[in-house]
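Let me begin by handing over the structure; questions about it come next.
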Amino acid sequence: MEALLDTRSHVPSASQRTADDVTARVVAHQWVNAEYKHLVLDAPEPAPLAQAGQFFHLECPQAGEDRPFFRRPMSVYKADPGKGQVEFLYKVTGAGTRGLATLRVGDTMRILGPLGVGFTLDESWKNIVVLGRGVGLATLAPLAEMAAANGVGVTAIFSARGPEQVMSTERFAKTGARIEIVLDSDGSSAVENVERLLRRIAREGKTGAFFTCGSDRLMLLMQRLGRELGIRGEVALEQQMACGIGMCFCCVRNFRSGNEVVSRRVCWDGPVFRLDEAMSW
Amino acid sequence: MEALLDTRSHVPSASQRTADDVTARVVAHQWVNAEYKHLVLDAPEPAPLAQAGQFFHLECPQAGEDRPFFRRPMSVYKADPGKGQVEFLYKVTGAGTRGLATLRVGDTMRILGPLGVGFTLDESWKNIVVLGRGVGLATLAPLAEMAAANGVGVTAIFSARGPEQVMSTERFAKTGARIEIVLDSDGSSAVENVERLLRRIAREGKTGAFFTCGSDRLMLLMQRLGRELGIRGEVALEQQMACGIGMCFCCVRNFRSGNEVVSRRVCWDGPVFRLDEAMSW
Amino acid sequence: MVDLRVTVGSLTLDNPVMPASGTFADGLAQIVPFDRLGAMVTKTITAELRGGNPTPRVAELDQAMLNSIGIPSNGVAYFVQKSLPFYRRFKSPLVVSISAPSADAFAELAARMELPGIAAIEANISCPNIEESGKAFAMNPRSTDAAVQKIRNATRLPLWVKLTPNTSEVAAVARAAENAGADALVVANTILAMSIDIETFKPRLGSIMGGLSGPAIKPIVVRMTYQCAKAVSIPVIGCGGISTAEDAVEYMMAGATAVQVGTATFLRPSAMIDVIDGLAAFCDRKGIARAADLTGLVRDAEMAVDDLEAVP
Amino acid sequence: MVDLRVTVGSLTLDNPVMPASGTFADGLAQIVPFDRLGAMVTKTITAELRGGNPTPRVAELDQAMLNSIGIPSNGVAYFVQKSLPFYRRFKSPLVVSISAPSADAFAELAARMELPGIAAIEANISCPNIEESGKAFAMNPRSTDAAVQKIRNATRLPLWVKLTPNTSEVAAVARAAENAGADALVVANTILAMSIDIETFKPRLGSIMGGLSGPAIKPIVVRMTYQCAKAVSIPVIGCGGISTAEDAVEYMMAGATAVQVGTATFLRPSAMIDVIDGLAAFCDRKGIARAADLTGLVRDAEMAVDDLEAVP
C-alpha cells in the first residue's frame, strides 16, 4: 500500500482551473538533435495561457506498429498568448513520442491543458538557480523567462551526457541568464562537482531559490543543500499519467509532509512541488 | 445446428495441394469504375500457377480507422506463370477492401494461395455458357480463357445494374466469346428474360455446360434449367472465411447430396461446386 | 427531436450516458458541462481512510488499460464535507459509489448516504469480501445476496449494484441482486488481467495483477449485459469499453437501459458528450423516436442461444 | 545455440510451440513444415457425428475473433481412418483433442485413443457437461475432478486438460485437474462474448454468443496462466492471443512451459514458425541458454499479490 492521500493540499480547486481539450495545428516540427524534437502548435485558448511548469496531455498519433493508447504528458516549453501558440520540446522514447514525431506541419492534434500547478516565483527573490538535466531544461526554460520578465536573475546549470545533448542555451542566454554546463563526458556533471558549483553560487548570494527538474540525483543534492543553507525551492516531477486531470489516481508519488508521508497526484497537486517535501524516486 | 459434414467429398487431399503464403509486389492498381479496382501483383510461385476458379487469401493493410483482422478471399482474375503475375478485380465494400484499395505501386503484401478447387472443363464440350453478375465476372474470366485455349466456345452473359457496372467485356471478347449484356436499368436482367436467353442458346446447341457466379437468383435459374434440359454445371460460391485452408470450419454451406443435406467448406471443398447440389443462400 | 430520456428505477435521467466510477472527478468539470450528463457517478468511497496500491498503477496495452489503482480514499467524512458540495452545484443526479469489506460495513456506509444531493447509491460489490477470503462479493450469488439485502435494509435511496465480470455465473449473480432488492445493475467492473514487460521481466503493475478496461473488453461485457438483461427485470446499466455512440447503441440493443463511459474519458475527456450527441444522431438516422426504444432491440427472436455450443 | 526443448510430463518437445485445437488441420501442411512444430494438436473430436452451429460462425472484431464454430465432427472412426494416417507422417508428437458430454463418455472416448501415432490426449473440458445443465466441466473444481478422474483411469496416454477462462476460480479448477491426474494443463479456451451489428440489429454470430480469441484476450489469459502455474506443479501450456515470439515469452515468464498459437495462424499461416524462430532469437539476445529457463522468470519476488486490491 502507498501512503494515504494528502487531505491538506492547498492547490487550486477545479473551479479555479481552466483547462480545455482543444484542436491544435502544427506550425513547425523539427529535430533539435538526434533524440529531441521541437513542436510548435497554433492552439486556441486556453492553451497559450499556460504558465511555466504546467503541462499538456497530448493525443499522440498511431504510426505503424505504434498504437499509443493513453495520451502523453509534456511540459509547456513556451506559451505565447499573443501569437496563440504553445511549444513542446520532447525526447523520442517509446510508442507515444514516436507517434508524435510523425506529425507534419499542417496536421492537427488534440491537446488537453494547461494542466497542473506550475512554478511559483517570489518577486522578493533577486536571483534563482535552475538546475536541469535532459528534458528538464524544457520545463525550466519558461521559468527562466518568467524570472527575467520579473527582474529576477537566473543562474542556469545544464547537466547532460555530452555537448550534443545540451539544448536551449540560446533561449536561456536571451533571458540574460548565466549558464553553466556540466557534462558526463568530461566528468563535470558528478554530484560533488555540481555541489561545489552550487555552493559557489550561494556564496555569491545568488541563490534566492532552487529549481530543478529531470534528475533524482540532482534533486536530492539541491534538497540537501537547500536544507543546509536555508534555501527554498521547487522541483517538477514526472509520473506515468492516464487522465492528466486528477481523476484516476495513477500518477501518485509520496511526499514528506511534516512527520507524515502522504501521497499526491503529480497531475493535479503538481507537477511542481516543494523541493523539501519531495522524495527520491 | 447445421448439417453434418460431407464425409464423401472427393476433393484433392492436402498433399495434392501446393498453396503458399508469399510476398507479392503491386505493379498496377487502378480503378475500373466507381466501385471496382484492378490489382496486378508480381508474385513468386506457386501464386501464378492458380487455376480458374481458385482464390487467394489476401492480407489487407490497415488504413485509418479500418483495421481488418482477417484476410479477405478474392478469386484469381488472371494468373500468368510466364510473367510471374496474379491479378484481382475487386469491389471496395468494407474495411478490408478499403484497406486493400490504399495499396500503391511498389508496395508489398502477403497473399496465400492458390486455394480451393477451381472449375473443371470437360474437353468434350463444344460450347459453354457463363453467367455472371457483379464481381462474378472476375471469377469467370479465367474460365472463359481456359475454355478458349481448349477450343471450347463460350457464351458469356453479363448481368449488371447499369452499363457502368459492366466490366471485363474486352477480356471476354478477346477469347472470342459471344457476349450478352442484361441490365437492371432497362429491365433486361429480369430472371424471365435471362431464362428466355438461355433457352435460345440451348436451342442453338451451345449449352454444353453452365457456369455461374455472383447471384443467388441466377444460380437458381441455371440450376432449374440445367435439371430440365439435362445440362451439367458449376457454381462458384462465397462465404465468410477466417483461415481459407480448411482449418476453421467457418465457411460452410449446405449442399444437397443424394437425399441428404451435407455441409461443406467453401474454401476447401470449393469455392466451385456442382450446380445441381448447390442450395439457395 | 429524439427523446433521450431513460428511466432507471425511480430516477428519470435526461439521457442514458454517465461516467463509470473511478474515471470521473471534479477536474473534468473544466472540460465537460456536468449538467449535460445523464448522471454523475463518484469514484468508490470507503468509510475509512485508505491508501492505494503500489506504483506503477496503470499500464497501457493494445486498445486496453490495465490498472491496479485500488480504492485510495479519504474516507466518507471528507467526501461529505469536501466533494459533495461541489457536485451539488450541478443538476444531474449524483450517484455515490461505495465499497466496504463486509456486508455489515456496506450497510453502515450506505446508511450514511441519505444526504441532500445524493440521488442513488452504487454498491461496488466487485470489491473483496473479507468474509470470503478476499473474493469479490459479486463472484457468487450467495455473497451478493447477503450484501445487497443488508444494504437494501439500510437505505431508502435507489440502490444500484455493480457486478464483477470475473465470475462464471453473472446471470445468477444478477438475479440474486435483483431478489435482494437492487433497483438496477451496473454490468460490469474491470476484468482481472496481467501483463509482463519481457525486457525487464517485471510485471507492468506494482501489484502484479489488475483490472482490464477499454475497447478490448467490450465483446465480453456486451455478452454479460445481454445475459443479465435476459435474467432480470430491473434496468441494467452497461459498462465496459464504451468509447463511441455506436458502442453505447450496441450495449443498449443488448439490453442496457443506460451506459457508463470509463477509460474513454481518459483518452478523450469529452467522450461522454460525444456519446450523447452520437446517440441522438443514430436514433434520428434510424427513425427511432426515443433512446429508450434501443433497449433490448437486438434481433434475436428466431435465434435460440444454443447453450451447449456457446463455448467452442 | 539456444536449446529450445521443453518437457511436458513424459514428453520432450523439440520446442515449446504448437497449434491450438481448432486452428490447425492438414491444409496447413502446404505452408508449414509440421516437423518443425513442438507438437501437433487436432481440432477437438467427438465420438459421434455432429453438425456445427448456424452461420455466420465467425465475426472479426478489433484485434479479436469471435467464433461459434462449435465442434462439427465426423466422429472418432473417421478420425482414426482418415486423419490419423496423415499425421503419422510427421515426427512431431500428435496430441488429440477430445470432447464429450459426460464424464463417462469422456472416459470411453479417451480409451479409444491408445493408438500408434497418438502421443497425448488433450481433454477439452471447456465443453458443456450435460450433467450440469450445459455448464462447462471446467467451470468448477467438482465437475473438473469428476471428468479428469474418469479419463485418467481410462487411458495411460499423457493427459492434458484444457481449461476454460469462463470461471471465477481458475486456480482451484487447475488444482482439481492436477489432483485428478492431469499431466499438464492448457490455459485456456476462448472467452464467452457477443457482438451486435447495430445497422441490422442482428447478433454477428448465428448462435448469438461465441468465443473470443486473439490479441484482445491475452492480458486476461496471461493472468490465468500465472495463477494456474502458481497453483499447480504440473506444466501449464499457455494459450490465448499469442501471435508473436514476444507474446510467447510473456506467457512463459508468467509460468507457461509451452504455448499454443491459435487465431494468429489464420491471419499469418507461418505464425508458429515465426514464434519458434523469434523465441530462439529472444533467448539469444538475452543470454538465456534454454527456452525452458523462461518458464516462471517473471520478477515477482518482492511483490506480494495483494488479493484484496487486485480488482479495483
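The chains carry the letters A, B, C and D, assigned in the order they are written, with residues numbered from 1 in each.
Going forward, a contact is a pair of C-beta atoms (placed from the backbone, for glycine too) under 8 Å apart; a residue touches a chain by one contact, two chains touch by 3 or more.
Source: prediction; values computed, not measured.
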{"item": "Graph distance between subunit A and subunit B, where chains that touch are linked", "value": "3"}
{"item": "Chain whose mean Cα position lies farthest from subunit A", "value": "B"}
{"item": "Inter-centroid spacing, subunit C versus subunit A (mean Cα positions, whole Å)", "value": "36"}
{"item": "Chain centre separation in whole Å, for subunit C relative to subunit B (CA means)", "value": "49"}
{"item": "Numbers and ranges of subunit D residues touching at least 2 other chains", "value": "22, 52-54, 61-64, 67, 69-70, 306, 309"}
{"item": "Set of subunit A residues in contact with two or more other chains", "value": "1"}
{"item": "Chain contact graph, described as a line, ring, star, complete graph or other shape", "value": "line"}
{"item": "Listing of all chain pairs that touch each other, if any do", "value": "A-C, B-D, C-D"}
{"item": "Contact footprint of subunit B on subunit D as seen in their complex", "value": "22-31, 43, 49-58, 60-65, 67, 69-70, 72-74, 78, 86, 214, 265-270"}
{"item": "Interfacial residue positions of subunit A with respect to subunit C in the complex", "value": "1-5, 7, 13-15, 17-21, 59, 67-71, 110, 112, 239-240, 242-250, 252-253, 263, 268"}
{"item": "Residue ranges of subunit D in contact with subunit C within the complex", "value": "22, 44, 52-54, 61-64, 66-71, 101, 126-128, 130, 133-136, 139-140, 164, 166-169, 189-196, 198, 200-203, 206-212, 215-217, 219-220, 222-223, 226, 246, 249-250, 253-254, 282, 297-300, 303, 305-312"}
